[in-house]
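There are structures below to look over.
You will see chain A twice below: alongside chain B first, and alongside chain C after that.
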Partner chain A sequence: MIRFEPRSNPGPILVYGVPVFAAVFAILLAAIPLALAGAPIMDAYGLMITGAFGSVFSTSEMLTRATPLILTGLAAAIAFRAKLWNIGAEGQLYMGAMAAVVVGTGVIDGPSWVMIPVIMIAGALAGALMLIGPTLLKTRMGVDEVVTTLLLNFIVLLFVQMMLEGALKDPMSMGWPQSEPIIDSAILPPLLERMRVHLGLIIALVAASGLAVFVKRTVWGFEIRAVGENAAAAKFSGISVTKTMILVAALSGGLAGLAGVSEVAGTRGYLATDLSPGYGYAGIVVAMLARLSPVGVIISALFVASVFVGADSMSRAIGVSSYLADLIVAMSLLCVLIGGFLTRFKVRFDRRKTAG
Partner chain B sequence: MSSAAHSSHKTSPELLLQLAGITKKFGPLIANDAIDLKVHKGEIVALLGENGAGKTTLMNILFGHYVADEGTVTVTNRDGNLEQLEPGAPQAALDAGIGMVHQHFTLAENLSGLDNIVLGTEPIFRLRRDRTAARAKLADLMSGSGLNVDLDQPVHKLTVGEKQRVEILKALYRDARLLVLDEPTAVLTPQEADSLFVILRQLAATGLSVIIIAHKLAEVLAVSHRIAVLRGGKKVGEMQTSDADHRSIAELMVGREVPVSRRTERVPGAPVLRLSDVTIDRGDARRSLHGVNLTACEGEILGIAGVSGNGQAALAQLLAGLDKPDSGIVEIFEAIVTKFDAHKFAQNGIARIPEDRHHDGMVGSMSVAENIAIEDVRSKDYQKFGFLDFAAIRKRAEQAIKDYDVRCPGPGAPARLLSGGNIQKLILARVLEKSPKLILANQPSRGLDVGAQSEVHRRLLEARQNGAAVILISEDLDELLTISDQIVVIHAGHVSKAIPTDAIDRSELGLMMAGQTKTYTQQAQTSNTIRQGETP
Partner chain C sequence: MEIIDILLAASFWEAAIRIATPLIFGVLGALVCERAGVLNLGIEGIFTAGAMAGWMAVWLGAGLWGGVLVAALAGGFFGLIHAILTVPLGLSQHVSGIGVTLLATSLSYFTYRTALPDVSSPPRIIPFQPLDIPILSDLPFIGQALFSQTAMTMLALVLVFVTGWVLYRTPLGLAIRAVGDNPSSVEAQGLSVYGLRIGAVVVGSAMMALGGAFLTMSAFDAFFFGMINGRGWVCIALTVFASWRPGKALIGALLFGAFDAFQVRLQTEVGAFFPSQVFLMMPYILSIIALIVVARKADYPKALLVPWFKGQR
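Up next, the complex of A and B:
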């Protein structure tokens, strides 16, 4: 018989070691599907590493992929900290991207130091509003935000599609449903010449450190932590749970919106419905791997991005399905969840049989 | 009566249960340290101890929920032979005739008493339900013990005392020979408690053995034959009840002398809180108030007596600023309250001690220091431009830990590591340090050990001495009678007139708590005018 006994105070080795161990373990587990696909396992691992870190180009690709993941990871982390289950980062990302396109394709023009902040603010606002609605429904009427935010993703995607077929359609696109390109002054400039990694990475890193300081050191961060850990006690002590939730919604939606801005103005240059391969959902994995720590989000986003980019390149080289990357990411999430359980509980094996 | 019972046991000490050298460790904590306990047939043994003394662990081992690291549990089986109980097997304990009545009842509210009692003893697959045998057995049990309940009523219609009888009947129906009661009087009125004791005595006379887990000394002295005291996982004393006295047991439990807090004479000042005709209707009796009139003055402790679930929660929510009245007027500091807001209340000198200190009183994962500052983080003392002033927060925490003797690893330790008594000290430090003028203390000493209880009382009396008005909501009559200046009784959302504590008749109070005085609602209407006439 197996018993679980709660640990009173898990030590730092457990708290920090478990996610790392989980990630490594997930990569090792990937050997099973690789073997089933008949691939040479050691070569596959080698190709994955060179695919993500082998050259300046591959590292730049990996960082480009990590940029939106950091932002959506932060969006999930701050929301989950307050127990606001925002599953709608994907939709907020598209709304942010669309807002950036609306103001960033020639309606207004100016130098870069004006245009970049303008599209960032527009995108963040649009993302924030997308989450404030469901949050108000939750605090006022108890509507489950998991359902509303998740379903809004589909509504937003269809709405974006509609706009791209209509009002926002680029007349020069030869019939493809895509927007006009972002004007040059609003483009996030690349960090390295002839590489895709762009200013969005710096924005994401600043956002992560800013959020870390915000949560730990400010009054609002204090209130977010209190509401997330024990809403009843926070309410009793005079903290407004509704106001705190709305602040969290604005931050979380805003960060997801910024991810959209970064993709549309940094990587793609125009809006299309294939802008995000599920960055909003992957952000949840990133946040969970990071145990909702803003600084941890950077590390776990880099990990997830390297798995994606590395596995992609490996699959092309030896002809294995690139879905392997999704498999590894999903397995590391499962490993982290199990690991999280093991940090909170001790497993005891009793030899004595269960009494009947 | 008790001496007669004792002598009969001494002449025929037929052993029923023997716990020998029970030791249980949880990591470095020794919850039970070589505890021996014997229970004879027809004997009532009281197991006394503060929280964390090891009472619950010991009972969990008896029931097979835990496995002891060392020691054995032996029961005389029905053939009269001593037999060792299989460790870790709840079914073995049940088969041996050990029955438990938990503090929180385990009854299905929508089923009748009879359904609840036979539940689990009948085969699942059957064509026809025949309960004549069950009824006959229960009628027999009831007539022999005085455990009278209408078994055909659904359980939710029964009073708390009746539900407890159903629980006891349930155990007896399963042929229990040893009944374990966990804090059985916590939810009862004094009259209900007295009648429970009469029943237990009768049951013991017919040969049932009883273990009562308790921390109220007076009750234990009234009902038990023998007392075993646990402290820090060890059995520190065992005596015949006839040889025991209140003070010596208290000291055994705590391990040192317990200071007794007493009220000193103090003339109450101006009214601080006045409720006029306040009604809150939430459909549910426990959350509603009906036309409540109440006045509390400076330098006065106003006790709110009542059985749990009679509107105390509604009154507490109102005074904590978490709910607003549907009608009626609330005046605090001689101003009519229009905005009911917990933050405003806390900032304006109202100290609020929550009923459930774990659930509403602290954020477990945040530090002790953060929990002490939680009501005030928005004030200028603890933040600059929105950034927390950790030095100031820590300084206040260090002072509070010293002044209120909060035992914790340090101001940075997570609050969930604290024991119940220390959490309450943390909350006292949070709210009393700002010298409040009005204090809402909701069950401030419930679940605390004797030492921590007396500390809470001392602090409340000190605040009273400094001119605070204290609203003390409590289910513990001893507490109310010791420190309140006046007491009102709350029943079904109605509040009686205030009675000076010195003029109180305990049994009259019990009747009022049970809602059996017809006049209390009319009295409530006039209480305000009477009170004002009395106050000089």
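Up next, the complex of A and C:
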């Protein structure tokens, strides 16, 4: 008979070690699909590591990939803290990117120190509004936000597609459905010469630290945690649950919108419907690996980005499907869930049944 | 008037029932899971896994019904993962479900790409053919609309009645409904809460996978990346709309299918005035509207999302 006993006080080794162990375990599990695909396993792991860290270029690529993941990871982390199940970061990202394109392709112009904040605010606002809608439906009418945010992802992508074939289409794009390029003064400049890693990374790091301070040290942050842990008790103690939820929605949607701004104005330079290979969904994994801690999000985003970049380059080298990266990321989510359980409970094997 | 002509055509209802079929499987599956108290957001990935596994089995030489069985087993497998994480371990049903969707989707894509590394156009199988039942298929209107569907559509309709009968007419169904409302009362009866919940999630997930299998083995004849395209999430919305009842699930799926078939026909009439994306958005917008309409009176299973642990009240 197996029993689970709650642990009164899991130590720091468990709390911080388990996510790391889960991530490593997920990578080791990838040996099974690698072996079934007939790939040389040790070579594959070697290629993954050099693919993500082997040169300045590959590390820059990894950091470029980590940038949107930090932002969508933060978006999921803050929302899940308050038990607002925002699964719509993908759609919020695209709305943010589209808002950046609307204001950042020549309607207004100015120096960079004006233009960059302008497109960031526009993108964050667009993302925030995308989540405030479903949140109001949840608090006012009891409409489940999981399904509405999920479905909005599909609606937004079609909307973006429609705009790219219509009002936002670049007349110079030779018929491709893509937007006009972001003007030079609104481009997030690269951090290293001839590398792709850009100012978005700094923005993401600042956002993570800011959010960490906000959650830990401000009254609003306290209210968010209180609502997440026990909404009824929070309400009883005088916290307005609706207001807190809308604050969380604005933060979470805004962060996801910023991820879109960073991608469109930092990495890509224009908007197309393949801007995000699922950063919104991967952000959920990033947040869970980080145990919803904003600073932890930075580390877990680096891990997920290394998996993506490493597995991409490995799969190109030895011809294994690059869906292996998505597989590892999915497995690390399930592993960290189980790991989280093991930090909270002890597993006891009871012999009483057989003895008595 | 043209709209009336559209609605009275047998071909319209044939299309509506065809579009509704995967949703019927999906909503029934989601409903069985949720009636037992477990939200299964793995549905989108389980659809993908069922579509890929069923198709792959047939492509490798299995019979069509063999493919259906493989799809159901694949769905049951991913359902079991979700069930273990959410029932005895009591982990967040939202996050576990998203995890199962990511896992099932990426595993399906990886397997497909590994088995067929360099195909440019997806290979095809010979799918289920329209039934040709003597007399019934020759009936006017209903013969074309209903009795010329494939065997999988008939299976979906039969499952509606089987699910309804099991849930409302058998002790097992009573226990499943009770475990989603008040698990402690089930435990007091001497029944296993874990066993009932895990069983319901596994069976429900197998049903969802059949919805995916219908797409690759009946509606189309090949597997495409991204072919599920939110159908699973639509099913979760329709489950709420159907108030967790199999009969209403059938009606909801048919309404949805009819609306979708209608907007496709409307598109050919007035498509010149609107971008095609407006029509493609319709199913998702419709799902959200359906949720809003029933939100106030939605009667969720009382223990939905609430983990239950042995020896604790």
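FYI, the second predicted complex is superposed on the first by the 351 of 356 C-alpha atoms of A that agree within 3 Å, B and C clash if a C-alpha of one lies under 4 Å from a C-alpha of the other, contacts with A are read in each partner's own complex, and residues count from 1 in each chain.
Rule of thumb we're sticking to: contacts are C-beta pairs under 8 Å (C-beta built on N, C-alpha and C of every residue); 3 or more make two chains touch, one makes a residue touch a chain.
Since we're looking at a predicted model, the values are computed, not measured.
After superposition onto chain A, the modelled positions of chain B and chain C are compatible, with room for both.
A count of residues in chain A touched by chain B and by chain C gives the higher number to C.
By the touch criterion defined above, A:S237 reaches chain B but does not reach chain C. Once the two complexes are laid over each other on the shared chain, residue contacts for A:M162 go to chain C alone; chain B is not touched.
Of the two partner chains placed around the shared chain by superposition, chain C is the only one that A:V329 touches, whereas chain B remains out of contact.
Judged by the touch definition given at the top, the superposed model places A:V219 against chain B, while chain C stays out of reach. If you stand at the C-alpha centre of chain A, chain B and chain C are 70 degrees apart, rounded to the nearest 10. When the two structures are aligned on the shared chain, A:P171 is found in touch with neither chain B nor chain C.
In the superposition on chain A, A:P111 makes contact with neither chain B nor chain C. Of the two partner chains, chain B is the only one that A:E229 touches; chain C does not reach it. After the two structures are overlaid on chain A, the closest C-alpha atoms of chain B and chain C sit 6 Å apart. Only residues 41, 81, 85, 89-92, 94-96, 98-100, 102-103, 105-107, 109-110, 113-114, 117, 229-230, 233-234, 236-237, 240, 275, 277-278, 280-281, 284-285, 287-288, 291-292, 295-296, 298, 309 of chain C touch chain A when the two sit together in their complex. Of all the residues in chain A, the ones that touch chain C in their complex are 4, 33, 36-37, 80, 85, 87, 137, 141-144, 146-148, 150-155, 158-159, 161-162, 165-166, 281, 284-285, 288, 319-321, 323-324, 326-327, 329-331, 333-334, 337-338, 340-341. Interface of chain A with chain B (complex): residues 8-9, 217-220, 222-223, 225-226, 229-230, 232-240, 350, 352, 355-356. By the touch criterion given at the top, residues 27, 64, 67, 86-92, 320-322, 341-347, 352, 354, 359-366, 370, 374-375, 377-378, 383, 386-388, 390, 414, 417 of chain B touch chain A in their complex.
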